[in-house]
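Here subunit A shows up in two complexes: once beside subunit B, once beside subunit C.
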Partner chain A sequence: MKKKFDFSVLARSKVTWAVVAEALILLVCLFVRPDFFSISYQPTTEMLYGNLIDIVNRSSEITIIAMGMTLVIALGGTDLSVGALVAVSGAIALKFLRWDVTIYNTPGDYTVYPFILVLVVPLAVCTLMGLFNGFLIAKADIQPIIATLILMVCGRGIAQILTNGKQFTTQYSPFRVIGQGSFLFLPMPIIITAIVVAAVALFVRKTAFGTFVEAVGINRKAARLSGINAQLIIFIVYALTGFLSGISGMIYSSRIMSNDSNNAGLNFEMDAILAVVIGGTSMTGGKFSLLGTVLGSIIIRTIVNLVYYFGIASEATMAFKAVIIAVVIVLQSEPVRNYFAKHSKARQNLVSGGARG
Partner chain B sequence: MKKLLALALAVVMLMSVASALAEYKVAFSQIGQESDWRTANTDSIKAAIEGHEGWELIYDDAQQKQENQIKALRNFITQGVDVILFTGVVSTGWEEVLKEVNDEEIPLILVDRMPDCMDQIEYAAAFGGDFVEEGRRQTAWAGEYLKSIGRGEEEINVVIMEGTTGADAQVGRTKGNLAGLEAYPNLKVVAQQSGNFTRAEGQALMESWLKSIDKIDVLIAQNDDMALGAIDAIKAAGKVPGKDIIIVGCDSVKAAFDAIVAGEMNATIECTPLYGPFVVNAVEKLQAGEAMSKTLVHPEEGVYDMDGGIDLGTVVSVKAADVIDERQY
Partner chain C sequence: MPENNLLEMKQIEIQFPGVKALDKVDFSLRAGEIHSLLGENGAGKSTLIKCLTGVNRKDAGTITLEGKEIQPQSPQNAMELGISTVYQEVNLCPNLTVAENIFVGRQPMRRGQIDWRTINRRAKELMARFHLDIDVSRPLSYYSTAIQQMVAIARAVDVQAKILILDEPTSSLDDNEVQLLFDVMNELKAEGMGIIFITHFLDQVFAVSDRLTILRNGHLVGTFGIHDITKVELVTQMVGKDMDTIFNLKRASVAPDAPYMLTAKHIGAPGQVDDISITLKKGELIGFAGLLGSGRTETAEMLFGANRFTSGEMELDGKKAEVKKPYDALMQGMAFCPEDRKRDGIIGDLSIRENIALAVQARRGFLHPLSVKEQNKLADKYIQALGIATPDAEKKIGELSGGNQQKVILARWMATDPKVLILDEPTRGIDIGAKAEIQRLMLEMCGDGVSVIFISSELDEIIRCSNRVIVMRDREKVAELDGDTCTQEKILSIIAEGSAAAGGEA
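On to the complex of A and B.
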């Protein structure tokens, strides 16, 4: 006899509900403005052009950070410094591109320092800052929320000092490629995000790393007693999150071809945490879902684009977002999922019972 | 050793007393560094006070926190400063501390942002921008420019990219934008949304508008940063910024001048941060004991565009390329 698929498993999975939520939002879009889904080819930029592309493209910064944030949260921690690190990364990149705006007066297609430094130094600094977070949490045993608060507060200050509180602009074309270039008819940030997601997924799922993270997240002491080097795991996860924030910052600043120490990455920590939570990873740590996080990030961006596309009044925007997110979170809550799981199981029994006579 | 220390201490104290006697203390409570505009504003006032003979500047950066600013104002009182310059981070909640300043009879000069309790407190002078007029100038520039190129009768679709919802500049400029449009019945607003005053959000918003609205002729961006972000989005959609879509920004930052000279942006309405000269003038009057008017004084501001010569009633636009080298911020 063919084994029947058990829907209750599907209904219990949080990822399913993230998919349902995104599908519902898109369904509403389909009814209100069918052209929301139109995709065409834009010859001038050699890219596909459409709202769905925009949504995935603009969700890149959050998705990349949220990959690290998923592991951080799976460890039972949080990283509040990611947004500030985005600003630091952009500030360093623009610093190397422009160095001293009083000497190199107008922005142009040049870089003062070799491009390789523009790429490597911001990522290296952000990784070091991530390591600093990891040190405070693993070695000094400070609560993650407090430890990462330090860089959250002073990160933007560091970015400001690096650029003397100024906003630099550049026209350097290789730098533009990161955020505005195209590859395989897709915007470059989508490609970078795909690579990052694939790399992180392979790293955590094809090695034992993911299991170690879950073990430490569930019970650090027990993990240590069973031979897992918990400190090392924490170091790696926070350093990785710092590194990913650096990449996100490069994309952000390349999109606007400038650093914006005041606004770059503002509230990204909240969006990244939200993406992880919508994606079904529990704030208490343990099991995590990278796929869910990607979906979570896309849901957040869909809402933003929906607000723009439908011309919802700016005063109502915040409330509108809050309502949708509240609905998504409630859909995923334990009681609701259990209700649907029970319901589908009961129905299934009834149906199969009836069929067998 | 102890004697030496005491001596040194005495010398230091004496010197500070001497300097306190000689210098006229001008205290400035600034909100923090939120933008290039704010940095230029701080630099202008600081340089003007520090460069003035016989004045000593006592500066406090509140880092965007009201409690820091209240603390700073109380410190100024204990230090016995001669005059206080004040820019409030928010508009409410200043009654108590500003009344304390009044009680000590320290003259107060309000700069840039006006507290809600202005009517209930004493102040010597007030300088601030006129957001409503800036907003009016934005749409008026678009209307007049279209007339000048023979599109005065054509049906024109306008999108308004607003600043951070609820900010003084957003409220004022939106009011001005809409008021300015009344004189140009051919201009029609097809969308209004917040781009939060940042380049990134301006870009994302424009990207979306270009897909949801069939025809956009004019973009009114309530600051230059959003306009600069939008330029890239317009290019990505295969349109020519400055031609297919007319772009009017606000603030007049250096980057906007670069964009106008490059032909990618059409105009920017000035919102000057350079309050230094005004402040010096007011403090000089105070020091000399002259009477001052209590009306809110708006600094004189220009309009800069590609070709110049657009008459907006209160001001005539200036060609950006002619003055780009003089821009300080």
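On to the complex of A and C.
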């Protein structure tokens, strides 16, 4: 006999509610402005355009960081430094593109150092900074929020120093591809994000890494006594998050073809944490859902786009975002989910009871 | 005796998904009575209590308190009705003072401010009732578990309770502290309070209660006056099997020429144990006896690398062993079930399957994962071999009873095929049936050539199982006794008197 589908399980899952929330927001959009959903093809750039594409495209930076953040939070930690690392990554990339600005004083379609350095060094530095976080947390046993606060505060300072406090611009076309190029008619950031999400998901779920992260997050001491090298796990997770922040920073600076030590990645840590939480991973650590995080990130961006598209005053953007997120989080809260789970179960019983009678 | 019941629970039924947790259970409590509630883990004791305290809703049956029917909706509601509970784990705030803990949530106020003077004075008076003269303005964590337990009881009693429920209050107390608790219980009883006492220690049941009620598998076995039942009858009723068949265990037989599996020479670490030497043969079981804090656990943790030893050296299977962290110990064929299984053993939110596979997976490293199929095979094998009571391997370990959790932890290590297995209090807080099963498993593993170090506070099980007994006292090994000839009295006198008595035995 076919196993009967249990709706109460579905109703208890936070990811379900993330889907419901996203659907509701889109439904509101549909009612107010049906053209919100129109997608058109632009032959000159060989790219699809439209709000839905734009939402996914613009959520890339957060989604990529949030992959790492999900693991960080599953370990019971937080990483506040990711936004600053975005700035560092961009600053280093632009530094290599324009090395000595007094000589290369006009931006153009050139790079001073080989492009490979432009790509590799920022990612390597961000990974090292992630390792530094991991060191403070795993070895020195500093609380993650304090440990990562250090780079959050001084990361932008480092970015300023690297670029002598200046904002460089570039027109080097291979660099432009990262944030503004296209592949298979889709904006390049979407492609990069898809690859990152797939790679992280494969890494954590096809190896035992995900289970180890959960075990350490739930009970670090028990995990250690079971022979898990908890310190190594923590190192890897924070280093990975640093690396992903680096990628995110490359996309960001490629979009603006510039570095912006003050504003690049500003508040990204908050959005990334929010994406993880909306996605159903608990801040206390333990079980996590990467799919949920992707949804969470998309929800956040949907709200922002909705605000822009409906011409809500930009001063009100933050407040509007806060209201919707509050609703989403309440929808996902334990009592509400349990209420719906019970409700759906009762109805199911009614239905099956009726069928029997 | 007139049926003058303070509390009456009739035909209580509770249905959990898939199981009937309670089936037509009756329970009554008189004023001025201590009534023990007994049964193995999973028999339904906690469910019955939770039904009374409003945590679980009953599906059928009635509860009457002083002749009036009540429907407790929540622990808060139950407390307002006069039903107070003290749980096994002290659930107070260790960082607040004793006085704050007693009055938190119902602080006496004066002119809109918390009246600290009254709080401290009344807390002091209350603790004096418990024969405790302590500084109530110190943080709770400053005091021992026993005193914390007393504070929890004081808090429960001070809210004008008619019924006090004590859920395993004695599992972390020593004998004197237990006696203190009993004195308090008897005083409360004299004041007319009804006390429900849940414990695994049968001696304590007979020492303090007036009546006892036995549950088994969610059914009521019966309620007995304390003089109408013997200990053996009681155990037989609880387990539903005969005692003899359970405890018919034979010590492991060790060949005289069996090779040494583990040799620790003068290992020690500052603040742990200074200097201890141990030898362990293949297939041998040695017991560690001693009081809490005598250095048993510290020794085990040093051997396994949970705490690194800084002096001395260790050989495993004839080779010098470097054990700096648990991972090293795991890689060299050691296994360790820690003392506090809730805090250090289980990964609560992970499934039984994941918990069992954990150590094997840790040994392989995360890049060489066991497939889900292999994990299931492993889990199913041990669920069956160890008789872990669960509908399936996907249940969270945190939702199992203590005995079953312990079996899962044991399975985690058995799956690694260890050469040396260290078990620190594997039978604490679990029921007698599961206890016997764990002892049986231990001895079976010895038969398969595993060397076992068995730490326990219960001397009878140490004596029953061990080939040799090491007695610890004040962080030192004071004696090593032969398992065949050692007796409880001998061990006790060594623990009491120290090394002087041990000279002839070692």
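In this section, the second predicted complex is superposed on the first by the 355 of 357 C-alpha atoms of A that agree within 3 Å, B and C clash if a C-alpha of one lies under 4 Å from a C-alpha of the other, contacts with A are read in each partner's own complex, and residues count from 1 in each chain.
Here is the rule we go by: a residue touches a chain if its C-beta (ideal position, glycine included) is under 8 Å from a C-beta of that chain, and two chains touch if they have at least 3 such contacts.
No experiment lies behind these values; they were computed from the predicted model shown.
**Student:** Aligned on subunit A, subunit B and subunit C: do they clash or fit?
**Tutor:** After superposition on subunit A, which the two structures share, subunit B sits beside subunit C with no clash.
**Student:** Can you pull out the angle centred on subunit A between the C-alpha centres of subunit B and subunit C, to the nearest 10°?
**Tutor:** 130
**Student:** As a test of reading the superposition: which chain, subunit B or subunit C, is in touch with more residues of subunit A?
**Tutor:** Between subunit B and subunit C, B touches the greater number of residues in subunit A.
**Student:** Which of the two partners, first being subunit B and second being subunit C, lies in contact with A:L184: first, second, both, or neither?
**Tutor:** It touches nothing on subunit B or subunit C.
**Student:** May I ask you to decide whether A:A198 touches subunit B, subunit C, both, or neither, giving the answer as first, second, both or neither?
**Tutor:** It touches nothing on subunit B or subunit C.
**Student:** For A:G286, using the defined touch cut-off, is the partner it touches subunit B, subunit C, both, or neither? Pick first, second, both or neither.
**Tutor:** Touch partner of A:G286: subunit C, not subunit B.
**Student:** Scan A:R224 for contacts with subunit B and subunit C and give back first, second, both or neither.
**Tutor:** A:R224: touches subunit C, not subunit B.
**Student:** First (subunit B), second (subunit C), both or neither: which does A:L30 touch?
**Tutor:** In the superposition, A:L30 touches no partner, neither subunit B nor subunit C.
**Student:** Have a look at where A:T207 lands relative to subunit B and subunit C in the superposition and call it first, second, both or neither.
**Tutor:** second
**Student:** Which partner chains sit in contact with A:G165 here, subunit B, subunit C, both or neither? Use first/second/both/neither.
**Tutor:** In the superposition, A:G165 touches subunit B alone.
**Student:** Rounded to the nearest Å, state the minimum C-alpha distance from subunit B to subunit C in the superposed three-chain model.
**Tutor:** Subunit B and subunit C, overlaid via chain A, are at closest 33 Å apart by C-alpha.
**Student:** Give me the intersection of subunit A's contacts with subunit B and its contacts with subunit C, in residue numbers.
**Tutor:** none
**Student:** Could you please specify the touching residues of subunit A with respect to subunit B in the complex?
**Tutor:** Per the stated touch rule, the residues are 33, 35-36, 38, 42-45, 47, 49-51, 54, 58, 106-107, 160, 165-167, 169, 180, 252, 255-258, 260, 262-264, 266, 304-305, 307-315, 317-318.
**Student:** Enumerate the contact residues on subunit C facing subunit A in the complex.
**Tutor:** Against subunit A, subunit C makes touches at 304, 306, 325-327, 329-331, 336, 338, 343-350, 354, 358-359, 361-364, 366-370, 412.
**Student:** Hey, which residues of subunit B end up touching subunit A in the complex?
**Tutor:** That would be residues 33-36, 39, 162, 165, 191-194, 196-200, 203-205, 207-209, 211-212, 225, 228-229, 232, 235-238, 255, 258 of subunit B.
**Student:** So in the complex, the part of subunit A that touches subunit C is made up of which residues?
**Tutor:** That would be residues 206-209, 211-212, 214-215, 218-219, 221-229, 286-287 of subunit A.
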